[in-house]
Each structure stands twice: as structure tokens, then as C-alpha cells.
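Got a structure here, written out as C-alpha cells. Questions coming.
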Amino acid sequence: MMRKEIRIAGFGGQGIVLSGFILGQAALLDGNNAVQSQSYGPEARGGAAKSEVIISDEKIDYPRVTEADVFIAMSQEAYDKLQGDLKERSLILIDKDLVDASSKAIKGIPFTSTADKLGKKIVANVVMLGALTAMTGIVSKDSILKAIKTNVPKKAIEINMKAFEKGYKLGGG
Amino acid sequence: MRHKYDEKKIRRVIGEKVQFVQGDASAVYGALLAGCSFFAGYPITPASETAELMSKLLPKAGGVYIQMEDEIASMGAIIGASWAGAKTMTTTSGPGFSLMQENIGYACMTETPCVVIDVQRSGPSTGQPTEGSQGDMMQARWGTHGDHEIIALSPNSVQETLDLTIEAFNLSEKYRTPVILLTDGEIGHLREKCVMPEKGEFEIIDRKGPTVGRDKYVPFQADESLVPSMARFGDGYHVYVTGLTHVEKGYPSTSSAEDHDRLVRRLVDKIEKNRKSITMVEKDYQKGSKIAILAYGASARPSAAAVRKLRRKRKKVDFLRLITIWPFPNEEVRELADRVDRIYVPEMNLGQLVHPIREAAEGRAKIIQVPRIGGPLHTPKEIMDAMRKKA
Amino acid sequence: MFNKARKIKEKYIQDEMWPSIFCVGCGVGNVLNYTLRAVDEKRIDIDKVVFVSGIGCSSRLPGYIDADGLHTTHGRAIAFATGVKAADPDLHVIIFTGDGDAAGIGGNHLIHAARRNIDMTVICINNFNYGMTGGQVSPTTPTGGFTTTSPYGNIEIPFDLCELAMGAGATYVARWTVGYPYETIQAVKRGLDNKGFSFIEIITPCPTGYGKRNEIGEGKEYWEWCKKNTILKSKYEALPAKERRKEKRIVMGEFRNRKREEFVEELWKLTKA
């Protein structure tokens, strides 16, 4: 697998960093290399949050995104501010509930309302991971499910699995 | 109640053999594997994760963790604990590292093994707490007053943070000196694959203890290794430890130039004369290169990418990465300067290691700075652009 | 007393370090004698005692003792000692410090060690000035006191070190002057008995520094001055409230001796669990 660069952005509290972490861990389970980095404002909640993941079957030297293959925006601010560094054919994925984007090239999926319907808004990031997995195959479904299971509280596993499947379907899987 | 190294227990505490973790966490794993049994620290971004994980794991591994009232106290506590027989560590970032300097000098003067991890952030002063930097390279060398040598290492990955933390403990025990691990906010917060080394894949060095009885023991008398054996408090050797200039018996000697010269020269020589065995570098040379990139720590990552991209364009380029920063790898830099015409030095500061590099190159190659401050790493493109400009 | 002093000297003093650096009429040497007497009377194994100090006249004391000693940086004795004690709880830790060392540059460590109630005995030799550096104003210099850096008289309010230690949580607190050997020895013994943070302040003459600039005199006169400017706690408490408020003399005695969870014991509970 060639080097793939994924940027996930939103606001603090949406589980942006965690979803990047899960993605990276899934890549390791697939036998690939991965790095994950993050940045956020000083606020613990509500500020801008960004998580970058690079997946490759080779050694990853430069650990930051230069030209994202995938850009996921979970907030309007993130979408407006972080559109740079994209390839011509980058996949842009937005949370349709929170981001207003006009371009047809952009794929919108209702992460938040899907999660809300399941009873927990905070699993929107896992809905997103489901959609991303289906749309890109960047990690295997088995590995990412395993990674999700090890990173959410035991009693929340079920709802997260449901969230993933919903997202996976919305992503065309 | 004394700590005993229990490898099985430590591995149980660390957990899985392969983990996707931050550099701040792999430093903790390295410390535990090396036998660290005492940690004192003070919270500071971007090093707090190390303290947090230590507070969780160290008691389970049989050691003790203390959050002190400040970094000065943290540094003091790890020195005290070292004399009580523990392998000790603290972690901090720029502002805290500044506060530790006086006691780091004390550790040099009293030959106290201990490890300080500085997860460098943007400065001066409070600067940009969450942004990585390489701004403390010179502070590590000259931050404390007076003539001294120091050992400092700089990792460029999460795995190497673990490996070099073990190495830092070993060097500090072997040479009885504080060892600084210069990591930074980039590597400290980066998550990567980290593999716990198996038994036999790494060495554990313990300080030499006294080999003679109490009556014959002279606490600061060294053999040809220049490193004296170290008695532990409570073992009856009655060692007097002072930051004042002292004679071999440990007593202060505050006005004899000879005593001062003898002591300080030995402290310098015990590291300086072992420069070769302390030095670690990574060399990747191509026959016929006229240009080279020389980097270390986090900035070696975009540098390696730039080298890869240049070579893909069939450009010949040498790459030298310093792993040991202090004592400075003079010979390796000189060797590179003999090979090429121009050496590019990307640093996340306005020029720190470029100075000893220039000194070591002795004019044999042109040394060109590629500085970057504030915000994240250089991009490979930035480095390549700098190389395109004819200097 | 004389025989006992000789016995103490033979048993505990590092001969090669003698004679000491202390001025004639200084009380620091007396504090060493009292402390070693307390250690001896408690039959504590000297091999298991670590004497820790900072910087200043008081802090030179560990060098004169044939035992493990850690002469640290200015103000940081308690921080270093915290590491010693926490790493090996079997060790007894005795700290020699001064007013500047403990309450000036090291004040933060003092209050936090008291708050933690870490098992160590701090002997703070208060001579009202920075003696070693030439007699500068310190956090305990009396208001109006003359020093080399308060040439017009000290305009600041001094710390009451015992109140400070108690306020921060110390579990044994006492104050004497060097003129009270038996009481001081008793206080050190109780401090050693206390499994927790013990703070013993000993008011000591500094004829070369504070004495000279405040016309106190030397030797016997200075000891008399110490007596004149202090009042026993029992006598102070017997005073009517109105007079107590007006009392300018420093109160001497044992102020606190109580039990509370000790830090290192709690720390090692986590390790053993």
C-alpha cells in the first residue's frame, strides 16, 4: 500500500483525536505502518481539533500531511480553514449535518444525526470511520472493528458497533 | 524496602509487545525496562503525558512516583533518590528545563546518575507550549554554569525514544553523570508503532559499587576508567556528597586551584575520552555526492523525506543523522565535510547545532542553515527549496 | 556534659574536617552537638542516617559528621531529602538548614514537605541573617534590624517559621535558642520520634553578622540577648490577653506534636499493592 494521508478535523469533544488513533491502530493490525499526530487549541473542549494519520506499507519518514488523500471535516470551521494541501483527486468527506458545502465533488454523510438516532451523538466519529472504511478500504473492516473494541468502554461497544455498521452502509459498503 | 528489578512484572505492567503509542509513552516503557524505580516531575506541556503514565505504571512496577512542587524540586528529588540507590528520571520541557539547570550542574559535580527527558517546545519563555522545537540543544550543553561535559541524545521516532531512554539510563550509570534525552513536542506527541525489545535485545548497565571495605573506600577516587565506584546511602560507607569542589575523600576544597583542576578535568575527561563509544550516528552516504543533509531528532524526519525525494530524481545526496548530540560527534561531521561541498542543516531553531557543525567541518564544506521556528516540522519541500537556492 | 561532648565527638565527628569554619561565638556547632546527642540517646544506627543540607553556615554541618551526608544546592535540601527518603524509607533523614535557606529560597519546598507530612526532621538554625555571604537581610530579620542590605533598618515583617510550618501541616514543631541545650536535645529527640514532618527552629547567635550590626555583642552577651528576647511558651500563655498582644519577644517551646498520615508510608502502599 502506497503512502496515504488522512486529515480529520472538527472541534474538541467530537473524538477527532481518538478516531485518528483508532485508524492508525487498525493500520498496524493490517500489518502496515502508521503515524498519527494531532493539534488542538488550548481549550479542552470546543476548540478546533485536527488529527492526521499516514498509512503506508513502507517506512514513514515525514510524519505530517503534505497532500491529503482524504480530508474529513466534522465542523464548518474545520472545513473552511483546512481545505489546503489537497490533491486534485482527494476525497473530501463532510458531516452533512454540520458542514455546508456546495461543491458536488464533496461527499456529505449525516454522521451526527445518524449517531443521534442511535441515542448517542458522541459516536458520530465512529459512524464516520464506518463510512471511511467502506469508501476507501484504507484499513480492513476486521482490523478497525478490533481497534474500536479495544478503545471504547466495554458497555459502549455495542452502540459503537452499530454506529460503525450504519456508517459503513452510508459509505456504500 | 528497596526496589528489585523484576522483568516479568515490568513486562506485565507495560502490556502488549507492539503498541501504537506516543513518544511520551514509549519513554516511560524504556525507563521501566531500564530499571527506573524513582520518578519525580512537574506537569508541563508537552511532557505531561510521560508523568501521567509514570504515575500509573511505576508503582505497579515496584517503584515510586512523586509529583513535586516544581521542577527544581523534581531535579533535586531524583538526585537524592539516586544516592539512595534508585535509577531515577524526570521529564520536562523548556521552562522546566531552565529551572533544573542548577541541580543538573550539581549532578555533574557530584557524579550522580540520573536521566532528564526534555520534550522541547517553542520558546523563549512560555512560547508556544504545544508546538515542538529544537530550542534547547545549547541549553542542554551549557545551561548550567561552569566547565562540564554532558551527555545528550536525540531520538527521531517513537521507537527510538524507547531505545534511547534505555541507553540514557545505561550511560548515566556507566559514567555517573546526568544524561539528557532531547526529544520534542513533535516526537513526544506523535503516535507510531513501538515494539518492546526482548530480553537479550538490550543491555542493562548498573553503576559500579564499592569493591573495598568501608575503611579503605575513597568515594571520589577513580581508577583508569575515571569513574569512581558509588556507595549507596545507608550501606555504612559514610559518603559526604557536596557540590563544592571536593577532594577524593569528598571533603570540600574551596580555594585550591590544583584540587579544582584535578576534579573538573576528570569530570570532563571521563566523558570526553569516551566520546567514540558514546557517539551514535546514522549514516546514509552515496558515492560521489556533492551535497548532504545533516539533521537530528524530529527534523531528521522531513530531512529523510527530502533525501528520498532527491534520490528519486537521481540526485546524489548524503544523509547524516546525529543521535548523540553531546559530546558532539566531531569526527563524523568532519568525515562528512570531507566528502561533500555543501552541508544543509535543517533545525527547528534559528541556528544552534550549526555552530559546532561549522567548527567540526573546519571549512572543508560550506555549512548552510535551514532554520524553522514556530509551528510544526519543516516540510520536505521547504528543505528541498532551500537546497535549490544556490548558497 | 563535658565528658558526654567528648564521647559524641569521638563517636560521630569526622576528625579530618576539623577545625570547623564557624566563627567564635557562633551557635551552629552547638546545634551539631545537640543533634548528635539526640541521635545517640535515641540509639539510632548512624549508618542509617542521612544528613542533608542546603547552602549557608548551617548547611556545612553534615560535612563534620562521620555519616552519609548530602550538601545540596541553596534552598533545596528538603527536595533532595524527599528523594532520599522516598527511595529508601528505612533511612532516617535529618536536615540542617538556615533561615535564608529554608524560608527564603527554599520556602516552597518547606511548606510542601510540611503539607505532605514526609518523615524527616528539619533543624532550622535561625540567626536572622545570611551569615555566610556577609550578613544580608533574611526572611526572619526583625523589623528595624540592621544588615548589610538593610542599612536603614529592615522595613519588612519577618516570618514566624514555626507558625509557617504549622500552617502548612507539620506534625512536630518546636523552637528553642542554643541557650537551652536540654530542651533542644529533647525537641530533636521528639522530632526523631515523630513519624512525619518535624520542624525545630533553633535561634542562634551570629556575632560576625547580625550581632555586629545591631550592637548585640559577642559570646555571653549574645546568648543573654537571645534569652532576653525570648519568652517561654508557658509564661506567654499565662499572660493576660492584652499583654500577650503587646508581647514583642519570640515565644519558645513545643508548639505541636500530633499524628497524621505520613507521605512515604502512603506512597509505598501504592507500590506494595
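Going in written order, the chains are labelled A, B and C, and every chain counts its residues from 1.
In the analysis below, a contact is a pair of C-beta atoms (placed from the backbone, for glycine too) under 8 Å apart; a residue touches a chain by one contact, two chains touch by 3 or more.
Not measured: the values here are computed from a predicted model.
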Pair with more cross-chain C-beta pairs in contact, given A-B and B-C: B-C
Central chain of the complex, centres being mean CA coordinates: B
Centroid spacing, where centroids are CA-atom means, of subunit A and subunit C in whole angstrom: 61
Separation of mean Cα positions, subunit B and subunit A [Å, integer]: 36
Whole-Å separation of chain centres (CA-atom averages), subunit B against subunit C: 38
Residue ranges of subunit B touching subunit C (in the complex, touch as defined): 1-3, 37-38, 40, 59, 62-64, 66, 68-70, 72-74, 76-86, 88, 102-103, 106, 233-244, 249, 251-252
Touching residues on subunit A, where the partner in the complex is subunit B: 21, 24-25, 28, 33-40, 42, 60-64, 66
Contacting residues of subunit C [partner subunit B, same complex]: 14, 16-17, 47-48, 50, 52, 62-63, 66-73, 76, 79-91, 108-109, 112, 267-268, 270-271, 273
Partner subunit A, residues of subunit B touching it in the complex: 18, 20, 129-130, 186, 189-193, 301-302, 304-305, 308, 376-377, 379-381
